[in-house]
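By letter and in written order, the chains are A, B and C; residue numbering begins at 1 in each of them.
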Amino acid sequence: MAAIPSTTLGAKLPPIGQLGPFIALLIACVAFGFTTDQFFSGENFSLILQQVTVVGVIAIGQTLIILTAGIDLSCGMIMALGSIVMTKLAADMGLPAPLAILAGIAVTAGFGLINGLLVTRIKLPPFIVTLGTFNIAFAITQLYSGAQTVTEVPPMMTWFGSTFALGGTNIAYGTILMILLYLGVWFWLRETGAGRHVYAVGNNPEATRLVGIPPERVLLGVYVLAGVFYGIASLMSVARTGVGDPNAGQTENLDAITAVVLGGTSLFGGRGMILGSLVGAIVVGVLRNGLTLMGVSSVYQVLITGILVIVAVTVDQLSRKGGR
Amino acid sequence: MTATTAPLVMQAKGLIKRYGQVTALDGADFELRAGEILAVIGDNGAGKSSLIKCLSGATVPDEGQILLDGKPIHFKAPIDARREGIETVYQDLAVAPAMTIAENLFLGREIRRQGFLGNVLRMLDKTKMLELSIARMNDLKVGIRSMTQAVETLSGGQRQCVAVARAAAFASHVVILDEPTAALGVKEGNMVLELIRRVRDKGLPVVLISHNMPHVFEIADRIHVARLGKRGAVLNPKKISMSDTVAVMTGALPPEQLPAECLA
Amino acid sequence: MLKLTLAAALTSAALAAQFPAHAAEPVIGLITKTETNPFFVKMKEGASAEAKAKGAKLLSGAGKADGDNAGQVAAMENMIAAGAKTILITPSDAKAIIPAIKKAQEKGVMVIALDSPTDPQSATDALFATDNYQAGVLIGQYAKAAMAGKPVKIATLDLFPGHPVGAQRHNGFLQGFGLKSNDAKNNELARPAEVVCMADSFGDRAKGQTAMENCLQKNPDINLVYTINEPAAAGAFNALQKSGKDKNVMIVSVDGGCDGIKDVAGGKIAATSQQYPLKMAAMGVAAGVDYATTGKKVSGYTDTGVTLIAAKPVDGVESKDTKVGTELCWGKK
């Protein structure tokens, strides 16, 4: 009685589509391992992980939003604002570091709330909304900081940038936090009702409404949660550079989206793996690191990243068509 | 035993619904008896969708009364109707295509694990939901091999079966189906009709809205004709011809002119 | 901000038209790449001060971000409509701005490029800018003397491929150090054997840090780092400090912003070439006033000067100390 699913190439793709980012990472690592001496070392890998931590954490929030068929162009700017708020409150107003950090995260979550309200209440497309908040967040960051870098940063804020020894290499605490956050969100998306509802809303929001889950509630939650992750990324940024930099985050907006797309999450919503975004972020970092070690111009990094993005989106399209 | 002797499960009296200048329901009545498949037919604008929306809780009527098992009820939202055990399958099926059959079955009604894992970590009991999905589908003899395949891999008819089975699984009073065989081919349409029969045989009365006369005549026990915002007539498909039914629906044939046995 | 300024400008231009006696005030427009970069803030300061001193009216505007050509074109058109006879501009896009400049020149407006040239340079009436090649040469000479003949392994943290300023500073540095390099007109980055790593920093602190980390992985023996600007240098210092190498590696840079001079004083940057945005803007305003009163246009390239600032002077290379650097720096002191 049941029909047999079509055996076109597309229907065969889903498993490959899921593994794609890992395969790309593997190929890149093997290639650089052969062409350079310095790539394959614990220290180098630890370094790459530290270099992708800020984008990696931002990408967690971005993944959630893209899973709901939305997009957030303001993520990097919100992150920069958070880092300025945290550092200026500590440096100028003498707020104790933990409070300043929480205040920074509250501000980024607040921006997430604004994005979410504009999307759910005023029903504006996320692209437009976040294009607007991108500019607003940037302007506020520049005005509040006076376009000055904040250099008097309390040691607690840079703690996540410090490292501990593990099996002969140094791992940063920030790296561990990033991995823990990814695992936590992975669990939440896979194993809890709220997490599954995120997928459902991205896949068919009307269906969720008809079964009694208001999609607006899920969306609002997702945008606010993303804002929290942007705030954590702010802290990671301060921890890495040791300062509050008002010019940070300008390329992170697209970098985070790139990581999510490379990781196999569909821009159409409802499909994707959170861990893929981590792999996507690492792939970009590996490319940059490996090409520098090879002495190749950074233009090639941009070129290869662009090609990988096209490949990732094509694989996504084909695997969707195959499943009808 | 004729259908008219079975108890009333659901009843509506004098429903009125206006949308601005348009009066969609103009004092409509409705009766659903236990153990029956009641088809609701009507021309466009006859008021059948508004009627169904009032019964499923999607719309609140301006005037009139709805009774469930003899008790008056007031639905403010679809969830109220679902709480009373009335499940509706809409034309767009309300499924998330990328998710599995089991997940879709329990969408919005997920079962959590026991103890710490369920209450604190809020983990879902996927094994239990899968077991129950398989059991339900077997119960209704829906022949889909795996509950863990994505709904989008199913054919149109199979998806419809999943939606109907979901409604049947959770309904305790009434199952409402809106155009379940529209856009399906002959074989798939029959598959869905078979399933609808099994739902009725399990003891759930079914309200079926359809434009497909052959299908209506194949499974309906009674036919409710909506006309001009009211109940035009209730017909007995075993006694009346399809062409006469269409004539009643369009108003070409006034129901008063029908012999008594054609009415139900 | 731009809208407010232009609204005021248009209103005053309209008013000025009603009172011919006051129309003699020269109107000069200043268009920077962005509003907020402290470099351009300083430029605006210099321009305003000079305009006030000479009795000229200054209109100011900017693009939204580096690379926003359309914003600069719009600003130019609005300023000309408001009566500006001289436009001072730091072009975001060296080629794309040229049609708008030509249109302005056809209307008799004098256009002067500040800080970076258009491509070709002759498209503007004049260019007041830092000699970025010379800026590189100075820090190259300093590094050579400071290294005192030790074998050198150099990392260059550049801007990004294709940018003329990035190429000039990079090639100038190598030339000043005495290595095989390209001349000032060449946009390609020279790569003698002593340069063991070249990476792009995009002039950004975090990316500079990443670039330095990757270079150190490639060659842990790097002992001299050229950086395109001071934020990149700060990032490089961070990376060196994390690897414990900050004491043995020398960093040189270009810019002379107040944050950067602080880093020189603090021992993070050994030497930096300081440039003078204020001077560029002031000279531009003066030229604009000249044109309005005498009708004489200024032309050609005028070097607005570069000073080497170093905490520790070295033999044979002239430099000024950080006190001077702080007095002359741009940004918030």
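In this section, a contact is a pair of C-beta atoms (placed from the backbone, for glycine too) under 8 Å apart; a residue touches a chain by one contact, two chains touch by 3 or more.
Treat the numbers as computed from the prediction; the structure is a model and nothing was measured.
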Centre-most chain, if every chain is reduced to its averaged C-alpha atoms: A
Most widely separated chain from subunit C, with each centre as the mean of CA atoms: B
Centre distance in Å when subunit B and subunit C are each reduced to the mean of their C-alpha atoms: 73
CA centroid of subunit A to CA centroid of subunit B, Å: 44
Cα-centroid distance, subunit A relative to subunit C, in whole angstrom: 33
Subunit B residues within the subunit A interface of the complex: 78-79, 82, 90, 92-99, 103, 107-110, 112, 121-124, 126, 143-145, 149-150, 152-155, 158, 191
Subunit A contact footprint on subunit C (complex, rising order): 35-38, 41, 64, 160-161, 197-200, 202, 204-207, 209-211, 213-215, 217-218, 231, 234-235, 238, 242, 259, 331-332
Residue ranges of subunit A touching subunit B (in the complex, touch as defined): 1-3, 5, 11, 187, 191-194, 196, 199-200, 203-204, 206-208, 210-213, 270-271, 323-324
In the complex with subunit C, residue positions of subunit A that touch it: 36, 38, 41, 43-44, 47, 50-51, 54, 135, 142, 146-149, 151, 161, 237, 240-243, 245, 247-248, 250-251, 288-289, 292-293, 295, 297-299
